[in-house]
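Note sheet for the following structure.
Note that the chains take the letters A, B, C and D in the order they are written out, and that residue 1 is the start of every chain.
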Amino acid sequence: MKGLQTEALTIRFGGLTAVDGVDFSLTPGEIVGIIGPNGAGKTTLINLLAGIYAPTSGRVVFDGEDITAVPAHRRAALGIGRTFQLIHPLEDLTLVENVMTGFLFAGRRSLRAAREAAAALCRDLGLGGLNRSTGELNILETKKMEIAKALAVEPSVLFLDEVMAGLNSTETLDVIRMVREIAAHRNLGIGVVEHVMGVIKELTERVVVLDGGRLIAAGPYSEVSQDPRVVSAYLGGSV
Amino acid sequence: MTGFKRLQVALSVAAGIAVVALFLWRPTAVVYGLQRAGLYASIALPMALVLGIVHIVNLAHGEMMMVAAYLSYAAARALGIDPLLALVPTTIVMFIVGIVLYRLTISRTVDGPELNQLILTFGIAMVLGQAVNMIATSQPRKISLDYVSASATVGDVSFGVYDFVFVALAAASLAGLYLFLKKTRLGQAATAVGQNPRGARIVGIDVQRTYTIVFAISAALLGIVGTFFMTKFSIFPTVGGSYTMRSFSLVAMAGIGNLPMIVVSSVILGVSEAAIQAVPHGGGWSPLVFFGLIILAIMIRSFRGGRA
Amino acid sequence: MRSRTLLAVALVLVAGMAFANGAQEGAAEPIRMGGVWPLGDITGEQGSKSAQLAVDELNANGGILGRPVELVVIDSEFSPDKGAAAIERLATIENVDFFIGGMSSGVHLGQIPALKRYRKITMWTGAASHLAEEAIGPDQDWYFHLHPWDYNQGASYVEGWTAIAERYPDIAIDRWFLAYEEGAFGSASFEATQQLFSDMEISGESFQSAAAGGGDYTAVLERAKEYDPDVFIWAGYDADALPIMEQARAIDFAPPLFVGAPPGWPASFGESGLAEGVTLYGMWAPSLNSVSDVSAHYYQSYVSTYDEEPATYFAPLGYTAVMILAQAVEAAGSMDQDAIIAELQNIEYDSALGETISFAPSRVISNQGIRQQKILQWQGGEQQVLWPFEFATSEPEYPFPSWDR
Amino acid sequence: MSSIEQRPRRRAPWVFAALAALLAFLPLVAGPYPQTIARSVLTYMMLAISWDMLIRSGQLSFGIAGFFGLGGYAAAIGATYLGVPPVLTLVFAAVVVGVVALLIGAVVLRLRGMYFAIVTLALAEIFRIVMHNWSSLTGGPNGMLLPRSAFDGNSVATYLMMLVLAAVVIGVSEWFRHSRIHFALTAIRDNETVAASAGVNIYAYLLTAFAITSGIQGAVGASYAQLFGFVTPESSFNVNYTLIPLAMTLLGGMYGTWGPVVGAVLLGVVGEYLKLFIPYGHLLVYGVIIVLVILFMPRGIVGLVRGHLERSRRTTTASEKGGAA
């Protein structure tokens, strides 16, 4: 079975259960929204899927194989890409070198091939000035670089953790268009974490809702947004 | 976090059991171990303070103590007074030395790479050591003091009791620092700066001023420790170096920013060293115990607590 | 921009090397001695100053062979590679005729390969380790070693103590306890003592010297007290001296003979009341002034020139090294190396250390000078010589006074 | 724009290589004393480069002296008991120390920052204590003499030996700089999570870097033992072999081959000249120089030069772009 599935995925930090028995799946070609109030466990879930954290219990299955014990760097090589909520450019590397790392390590390409592939990918995403340091990039360019880095592992599933945060409306539209294109051309499964509900509505076919680490609802955005549990979770979070 | 707490408790209990066992076998080893622990802790606490709040590994730590010791020695010599009477002026001078050192040098490296502070303090250590060497020569100095040989006899065992001043000093330092950090505005500000300098700056704390004062307090504490040190030990220009490394090791063993654990770590190390020295011909291996325990403690913590 | 900076750096370096080479011009006239000591340490500082004192004296009396004498001193920084570099520089840039100096064995081991390349006459004042002797090897007639080897020292203690016990029947020397610092210095002393005093009862225990970051001797002292020796010896450094006494007092340990064997003593040790009756090993003390005119002469000129007392025997050794060479060159009548070596091998030099120095083969090398340490005792704040009896300045104080004195 | 920044970069290596070659061969004609100094500079230079190679991953080692001393002992033991020929002891020591580092690294490379630093320092002490106490093998506190030294101590030959070793170390460092290792280590230093997410096997790369740099330190220790013909616990594990290379690297500039090279040449040569002018107290001046350079050149000398280059480049690009940002 293609794509990524989890079974009763759970992680505890001390007394806190950050992700609690979550069953989640993402198949190539679909875009899924992952939403929930602050602290719901969205980023933790991505970190579990990407192998940054090892779960306390539960399983992660990728393309039919159990990868629960597979470390992060091998998951990247298998084809799980992700961006970071707090942007972490590799500041001692240039723009193109940042993008190269995925091709180099996850893709096991040679230096020259990786550089060419990274340059091509940047061009596709409309990024120029490849030898600039990351400090010279504006916010839109930085976000695009983050997406390019995630794409450089040549993923079959990709997680975008609040890539729209901090962008103005024109820039947001630009990125939405980009994500659509990526999904269409590369046949990826994309998981989108976003706070701006407009983006979720615009981009996704279905959403999952997390609250307190549990998956409380799943389905098309239009349905889920009416779900009383979801509404109370969001209200409860803000009160 | 709780794993870490549990580890702390376990370590403390283990230390306690070991101490009792040793006491039954060789009571004086416990006495000397605790005295040694007092010395270690009282020198390491000021370093822990600076490392925890200003985030600087001060490689000139031991040399600052050495300078303080020479100050008290010079005062005692020149005025013919007991060196302990020089405690107050030395402490004040060291406080000022701390301010000057921080303002003149360390504060200017805050923007550079972090490691620069390490090398800067290495340079300062060299300057202090060499300057003292030029002024006072490498010949060790020690004032002969009757009370240093004060002893107590229990049954037929005589042992030195003067070194308990280091135990008292460590306890007083810990208590004083605890009160300072928890109960005073300045101390609370310092704690905040230590945890999150950027955040502290946003809420209006003058970070540089806080760093200066914390560094100066550490220097002043070294003034006190240095004075007591010179009553008990010979002083010479390189006497501080090994205490820099020892303090650094203790701070790493305790966990950065954890002052009470410094005392526990000191007791573990001091008593273990005394224990191995109580074994005939064990003396040569006692540094192995010291460094071995430090590696062990750090490794155990890394397995229990994961990576910080 | 970048290459220009690099070019500038290169130019500075080239200029520096050229400058270094230029210094050798016009060096033909004076007789040049090259000295290497750890100048940051009191031993090297005073040793080099004493050598300079000797050079100044020679020049005031018309130099050697009518030629002025020059002393070039380079710091060994207590490091083998710096010490070796100093030898190279003295040999090739400064073009010295003789090498003198020396303190630590570790530094000397690093210098030996360079010394053996140049084979200039070398008058060494330090390095007691037998390993250094092995590194020099046999048949090196240019190499003269003033300082006793570690085994010479050990043997002289056996001889000295036996002689003392014979002359003073009260003094018992059957049971020994050696507290030795765990470094090369202390361990070598312990091993040598064990071998040499093999027919006596010997126990020992190591401690970490204050010089190496230690300073707590209670464990060793307690063991010594339990052992209850006739003779207690500690072999450590000057930094250990007073704290050992204080800690011995704290546990009420007062053996009949309390012996210290550090290479030097701390400033103002004699002022302490605890010093009284402490026996020690050494090669020189100001009290020798009363039995040796050379010593008295050396002492007075040192004090009047530098306004301080020589605090270590490495100071008179530095003076001695220069003076022995001067006497040999005068006797040879030329700077011919073979002639000078021949003179040195037959020399009898009355030294500031009391003894008349002559050279003879030791275990490995051809030219070993002094073979004895002296046995001295702190009395009334001064070091008095007990043995060899020919230099004795006082009678032994025995037994060591109890602590409730 | 990219052509503007490419051109000086292309030319610089040639200028640099020519200068380096000139400097490297200068001591050959200058006589034994400059050769001795140069050997010592090369020794510290290699230690500095190897330390820098590991810090490129963000891992701060205080254990240089430990592996250096261990290498010296490996050479001495190999030569004495196994009859390894002098020059081959360098390779022997590199392998022995590299394997030891591999085993140790497998356990301690889960540590980071201060904790890793202190454990490497403690390990160096443990090596020293073991060599000190294992008298039957190592001669204990007295140390041991090597049966035969490389090229019988011939000054030119040993200098060339050091030069070749240094060329190898510089070569390895440049290989680190220009291969995928560079990207792996830089990514790990900047952010491990990001690095792992890009497929970097952090543990494997750290272990490789730790073993290789420790192996280099071991080989340098062996060369030192060969140059001076002996090892002792106190001199072979001297903490200066940790601190001085560190200071040299920071003065020259971190994260590259040429920073440590420049720093080592400068501090090595300055240190030697200072003591000719100020025999008593030159170390004080040395300390003052370290303090001043750190205060006024926080990114090291190479960093300072780079900064100048970058600023001039930035002003050109900014004027070309006309303030597009």
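Rule of thumb we're sticking to: a residue touches a chain if its C-beta (ideal position, glycine included) is under 8 Å from a C-beta of that chain, and two chains touch if they have at least 3 such contacts.
This is a predicted model, so every value here is computed, not measured.
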{"item": "Touch-network distance, chain A to chain C, counted in steps", "value": "2"}
{"item": "Farthest chain relative to chain A (centres taken as mean CA coordinates)", "value": "C"}
{"item": "Per-chain CA centroid nearest to the all-protein CA mean", "value": "D"}
{"item": "Centroid distance [mean C-alpha coordinates] between chain C and chain B, Å", "value": "36"}
{"item": "Rounded Å distance between chain B and chain D, as computed from the means of their C-alpha atoms", "value": "31"}
{"item": "Chain A and chain D: spacing of chain centres that average the CA atoms, whole Å", "value": "41"}
{"item": "Interchain centroid distance [CA atoms averaged], chain A/chain B, Å", "value": "47"}
{"item": "Residues of chain A engaged with two or more neighbouring chains", "value": "none"}
{"item": "Two or more partner chains touched - positions in chain C", "value": "40, 45, 182"}
{"item": "Touching two or more other chains - residues of chain B", "value": "130, 133, 241, 284, 287"}
{"item": "For the chain C and chain D complex, residues of the former touching the latter", "value": "1-3, 5-7, 9-10, 13-14, 16-17, 20-21, 39-40, 45, 73-75, 77, 79-82, 84-85, 88-89, 91-93, 106, 109-110, 112-114, 116-117, 129-131, 134-135, 182-184, 186-188"}
{"item": "Chain D-facing residues of chain A, complex", "value": "50-52, 71-74, 76-77, 81-82, 84, 88-93, 97, 100-102, 104-107, 111, 129-131, 136, 138, 149-150, 152-153"}
{"item": "Chain B residues touching chain D - in the complex, by the definition given at the top", "value": "51, 57, 105, 108-109, 111-113, 115-116, 118-120, 122-127, 129-131, 133-134, 241, 245, 248-249, 252, 256, 284-285, 287-288, 291-292, 294-295, 298-299, 302-303, 307-308"}
{"item": "Residues on chain D engaged by chain C in the complex (per definition of touch)", "value": "8, 11-12, 15-16, 19, 22-23, 26, 30-37, 39-40, 43, 132, 139-145, 149, 153, 155, 224, 227-230, 232-235, 238, 240, 262, 265-266, 269, 272-273, 275-276, 279-280, 282-283, 305-306, 308-309, 312"}
{"item": "In the complex, chain D residues that touch chain A", "value": "1-2, 5, 179-180, 183-184, 186-187, 189-191, 193-202, 255, 325"}
